[in-house]
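The data blocks that follow each hold one structure.
Below, chain A partners chain B and then partners chain C, in two separate complexes.
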Partner chain A sequence: MTAVWYYVFTLVFFLFDYFILAMGLNIQYGETGILNFAYFAFVAVGAYVTGAVSLPNSVGTGQHYIFGWGIPFPFNLLMGGIATSLLAVVLAFITLRRLRTDYLAMVLISSSLILYDICNNFVPLFNGADGLYNVPPPFASVLKLTTNSFIPFFAAVTGVIALIMWFVMSRITRSPLGRTFRAIRDDDTVAAALGKNVFRGQLKSMIIGSFYAGIGGGLIIQFSGSLNPTAWLPGETFVVFAVIIVGGVGNNVGLLVGSLLVETLLVHLTAFLPAIPGHPGLIEYIDAMLIGVFLMVMLWFRPQGVWPERPRLSATMVRLLGKRGPSVDEARVEADVSDAALNDGSRG
Partner chain B sequence: MQLFWLSFGFGLVTASVLAISAVGLSLQFGITNYINFAYGDFMALGAYITYVLNNEVLHWNIWVALVCGSLAVGVIAVILSQLILSPFARRFDKTFYVLIVTFGLSLILLNVMYSIWGASVRFYNVPINRALHIGPMLLTAYQLIVMVIAVVLMIGVAVLLKTTRLGKSMRAMSDNTTLAMTSGINTKMITTITWFISGSLAGLAGSVLGLTEGNLTPAAGELFLFVIFAAVIVGGVGSIYGAMAGAVLIGLATEVSAAFINPAYKLDIAFLILILTLLFRPSGLFARSGKG
Partner chain C sequence: MSDVTPTDPTSEPTIATTSTTTSALRCEGLTKAFQGVHAVNGATFDVPQGQITALIGPNGAGKTTVVNILSGSMKCDSGTEYLGEDEVTNMESFEIARLGLMRTFQLSRELGGLTVLENLLVAPKLQPGESLFNVFFRPGTVRRAEQVNVERALEILGTYGLYAVRDDRARELSGGQKKLLEIARAVMASPRILLLDEPMAGVNPALIERIGGYILALKAQGVTVLMVEHNLNVVEKICDHVIVLAEGRTLATGRLSELRANKEVVRAYLGEVIDARPPS
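The block that comes next holds the complex of A and B.
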C-alpha cells in the first residue's frame, strides 16, 4: 500500500472520529446550550481509561498506570465512555445547578486545566507527562494485521461505530428528551415554567455527550496507540466547536460536513505540507489561526452553519401544516438580532 | 515556621500579580457583561511587547518597557474589541456567540505569539539581584516593586471608581446599562475606555508575571487565566473589591500550600477553593446583585 492511501485512511479515521466527538458536543452545546469548554478533557479521560484498561498489568512494562486489566476491544471503549459519563455527573453536580453560561464556561475550562495538571504530574495515574503508549491495537493479532493494513481496517471500524452512534443520536434528538433539551437551550425559564426539570435535562445531556466524548477519545488512543497530556489543551476543544458551528448547530448530518471541512481539510491535511525551512511548527500555528478566523467569519456571515437545523415536526403536524417551516436557526438568529437591536449599545 | 513565612512572601507576590489581572478582567466584565477568554493571551502579549522593548532592538530600561508594553496592549484591546468583540456582542443576544468568539480570539493570539517568538522560554534583560530579608521573608527588589505597584494600582482603581466622573459612570453602567444611557452617559465612550484600562492592566500583569517568575512563554497567560478565574469567582464576579480579596486569598493559599504539599499541585488548591466556594457560597464572597 502506498503512502498516499495510508494518509487517506488516516483522514477517513479522523473524519469519522470527529463526527462522533461533534455529536457529543452538539448535544451539550447545540441542543441543550451548555458551553462546555472542557470537552476535550472528557475526550482525554475516555482515551486514558480505554488505554489503561486494555493494557496489561503495569508491572514490568516501564509505564505506570492504574487498571491494566487487558480488556479487549470494544469493551475497553465502553468502559472509557462510562468513565467520562461518571466524570460528567460529578462536574454537573458541582457546577450546573448554580452557574449561568459564563461562570459555567469558566469553571469547566478551569476543571479541564486541573485534570490536565493532575494527569501531567501524578505519574501513577496515567504515566504523567509521558502519557500512555504501546496500547495494543484491536484485532491486530487475531486478524494478523500489519501496521499498513491496520489503518484502513480501523478506519472502517470507526465508520461503523460512527454510523451506530449517529443512529442512536438521531433517535435521541427526535425523542421527547431531545425536545426538552432544545426547550432548555432556547429559554430555560420557559422550559422550567412548562414543568421541565432544567437541571435534570442538562445532567442527562452532559452524560450522553460525555459518553460520546469518551468513545471518540477511546478510538483515538486505539488508532494511534498512544496519548500524552499535551494533546488536549483548550485549543483542541475549540476545533470541535468549529466543527459544530461550521457544520450547523443542532444538526447531526451537518456535523459530518463540518468534520470534513474543519477536521479533515483544515487540521489534518495541512500536516502533510512540507515544513517551512527554519521555522519548525510555523504551519501548525498558522493553521490554528486560520481555524479561529474561519470560525469567526462563519459565525458572522452564516451563524446557522453550512447545513442549518430544521424544525422537527411529527408526521401529524407535517400533514396538518402541509409544509416544513423556516429553518429554526434562521428564525432564532433573526430573533436574537432584533432583540439586540432594541437594546443597541447596552452591550459593547 | 520559617518555611511558612518564606512562602507567605511568595504568596504576597502572586497575590499582587493576581490582583492587577483580576481587577482588569472584572472591570471589563462589569461593563460588557461577557467574560473575555482571551484575557490570558492579552497578558502574554503584554509580556512579549515588554520583552521586545527591553531586549531585542531598543534595550530600554525594564520599567519604561513595562509601562509602554502595558499601554500597547490597552490600545490592542480597544482595537480588537471595536473590530471583533463589540460587533458580535451587539448582533447576537445570546452570550454564547461572543464567548466562543473570545475563545477563538485566544487561539488566534496564542498562535500569533508562537509564530513570532516560538515556543522557547525567554528571559527579561534585567540584572540579577540578591534577595533581601524583609522580616522573615526573602524577596528580590523586583518582587517588592511589583507589590508596591499592585497596592498603588488598587488604591488608584478604588479612587477612580469612587470619586471621578468616569468611575461613577462605569459603576452606573455596570449596574444598569440602559438606565445609564438614558441618564446621559456616553456608554460607547465608557466601554472603549474600559477596554483600554482592562487591556493595560492585562499587559501590565503579564509583564510583571514574567518578571516575578523570571521567564516568559506564550502559554503562560492561558495557564494563569484559570487562577484569575478562581480569584474572580471566589471574590464574586463583577465585584472589583471582591476580585482584590479573591486575589489575595488565592495567591496566599496557592503559595503557602506549596510549602506543605508537592508544589506541582499548588494550582489544584486554587481549584479546590473554587469548588468549595461554589458549593457553599456560589455567588462569591462579595456578591453583586444582577450579575448572578
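The block that comes next holds the complex of A and C.
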C-alpha cells in the first residue's frame, strides 16, 4: 500500500472519529445548551481508560498505569465510555447544580486543566507526561494484520461504530427526551415552569455526550496505539466545537459534513503543506489560525452551519405516528391567524 | 403614584370576600428583597378554587415577583405558600408545575428554536418518551403517548388560532401570537391552577376580547386562574375576585365594585384609571 493510501485511510478514520466526538458534544451543547469546555478532557479519559484496561499488567512493561487487565476490544472501548460517563456524573454534581452557563463554562475549563495536570504529573495513573504507548491494536494478531492493513481495517471498524452511534443518537434527539433537551437549551426557566427537572435533563445529556467522548477517545488510542497529554491540550475542545458550528448545531448529519471540512480538510490536510524552513512547528499554528478564520467566516456568513437543524414538521409527525390529525377547520383557523389584528401586538 | 402610608400587614383594610369556596392557592406573608429593594413585603392572599382572580396594582408593586415566587421560579425570603392543603413554599419550579400549577411570563418566553407545535409537545408532564430506557425498549408506549399528545396539541393550536403557524419556529411569531402561545403551552400541560402574568399586555382590542374568551373557557373547564392585569375593563368583565397589591403587600381583596369604594385602593391605584376610563 502506498503512503498516499495509508494517509487517506488515516483521514477516513479521523473523519468518522470526529463525527462521533461531534455527536457527543452536540447533544451537550447543540441540543441541551451546556457549554462543555472540558470536552476533550473527557475524550482523553476515555482514551486512557480504554488503553489502560486493554494493556497487560504494568509490571515489566516499562510503563506505569492502573488497571492493566488485558481486556479485548470492544469491551475495553465500552469501559472507556462508561468511565467517561461516570466522570460526567461527578462533574455534573459539582458544577451543573449550582452554576449558570457562563460560570459553568469557566469551571469546566478549569476542571479540564486540573485533569490535565493530574494525568501529566501523577505517573502511576496513566504514565504521566510520557502517556500510554504500545496499546495492542485490536484484532491485529487474530486477523494477521500488518501495520499497513490495520489502518484501512480500523477505519472501517470506526465507520461501522460511527454508523451505529449515529443511529442511536438520532433516536435520542428525535424522541421526547431530545425535545426536552432542546427546551432546556432554549430557556431553562420555561422548561422548569413546564415541570421539567432541568438538572436531571442536563445530567442525562452530559452522560450520553460523555459516553460518546469516551468511545471516540478510546478509538483514537486503539488507532494510534498511544496517547500522551500533549495530544489533548484544552485547545482540542475547540476543534470539536468548530466541527459542530461549521456542520450545523443540532443536526447529526451536518456533523459529518463539519467533521469532513474541519477535521479532515483543515486539520489533517494542512500536514501536506510544505514545511517552512527554519520554523518546524509553524504548520500547527497555521492550522489553528485557519480553523479560527474559517470559524469566523462561517459565523459571519452562515451562522446556522452548512447543514442546520431542521424542525420536525407536524405532517411528518402525524404520518410517522400513523394517524391523521384532528379535524381542525383549517380555513377558519388560518383566517384567524392572518387576521391583521394579531400582528400589531407588541413583540413581547 | 402610590403615597399610601405603609400599614401593618395585620391591619390591612381587607374587604370580606363574597365567595365561600375553598382556596386553590394561598400565600401568607411572602417577602422578597433584591439588594435592599423590598419587591414583595408581606403579600397575603387566597386564590379561590375554580374562579378567575385578578392581581392588580401599580407598576413595580411586586406582582410579577409574586407570580415568580408562587410558581417556584424564584425563592422567597420568608412566608408560606399552600397549594390546596399542601405547603409548597420554595419548592422547585418543576415540582410545583408537576402539582398542576402552570404560569405564563409577562414578557413572552417562547422556546425559540422549537416549532410552535413542539412548544406545546414539551408541556405534558412525565412523558414516557422522556426516559432513555423507554425510547429504546418501549417504543410502542412512547409512540402511543406521542400520538395522544400530538393530537391534543393540534387541537389546542386550532382553538388558539395558531394551527396555521404550527410548523414555524416560535421565535418567528408576532408579539400577539407569542402571547397566545404562552397560554396554549400552559394549557397543554393540563393545569389545575394557571397564573397568567399580563396575558393581554400589548395586544390589540380584538385579541384582548379573544384571550378573555379563552380564559373564561378555561374557568368553565374547572381551571383556577390568577391573572395579573392592568386593564380594569377586562377585570370587570371576566374576573370574579380582585387582589390589590401595592408596595409588595396586599392592600385589599374583594370584588372590583367593592374596591372602587375603598379610598385607599383608589388612592393607590384605581384613582386615575377610573377617572380616565369609567367602567362601561
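Note that the second predicted complex is superposed on the first by the 312 of 348 C-alpha atoms of A that agree within 3 Å, B and C clash if a C-alpha of one lies under 4 Å from a C-alpha of the other, contacts with A are read in each partner's own complex, and residues count from 1 in each chain.
Definition applied: a contact is a pair of C-beta atoms (placed from the backbone, for glycine too) under 8 Å apart; a residue touches a chain by one contact, two chains touch by 3 or more.
Everything numeric here is computed off the predicted structure, so don't read it as measured data.
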* To do: Considering only the touch criterion stated at the top, classify A:L143 as touching first (chain B), second (chain C), both, or neither.
  => neither
* Once the shared chain is lined up, is A:I164 touching chain B (first), chain C (second), both, or neither of them? -> neither
* After lining up the shared chain so the two structures overlap, which partner does A:Y285 touch, if you call chain B first and chain C second: first, second, both or neither? -> first
* Thinking of the overlay built on chain A, is A:I276 touched by chain B (first), by chain C (second), by both, or by neither? -> neither
* To do: For A:S110, decide between first (touching chain B), second (touching chain C), both and neither.
  => first
* Examine A:D187 and indicate which partner it touches, taking first as chain B and second as chain C; both and neither are also allowed. => second
* **Touched partner set for A:V198, first chain B, second chain C, both or neither** => second
* Could you look at A:R179 and tell me whether it touches chain B, chain C, both or neither (first, second, both, neither)? => second
* Structure fact -> Check: chain A residues flagged as touching chain B and also chain C 333, 336-337, 339, 343-348
* Name, in rising order, each residue of chain A that touches chain C in their complex. => 168, 171-172, 175-177, 179-180, 182-183, 185-187, 189-198, 204, 208, 250, 309, 311-315, 317-318, 321-323, 325-326, 328-330, 333-334, 336-339, 341-348
* In their shared complex, at which residues does chain A touch chain B? -> 29, 33, 35, 37, 94-95, 98-103, 105-107, 109-111, 113-114, 117-118, 121, 233-235, 238, 241, 245, 281-282, 285-286, 288-289, 291-293, 295-296, 299-300, 303, 333, 335-337, 339-340, 343-348
* Structure fact -> Seen from chain C, its contact residues with chain A in the complex are 71-73, 92-94, 97-98, 102-103, 105, 107-115, 117-118, 121-123, 125-132, 135-136, 142-143, 145-147, 150-151, 154-155, 157-158, 161-167, 169, 174-179, 185, 189, 201-204, 206-207
* Interface residues, chain B side, partner chain A - complex -> 29, 31-35, 37, 81, 84, 86-97, 99-101, 103-108, 110-112, 114-115, 118-119, 177-178, 181, 187-188, 191-192, 219, 222-223, 226, 229-230, 232-233, 237, 262, 264-265, 267-268, 271, 274-275, 278-279, 282, 292
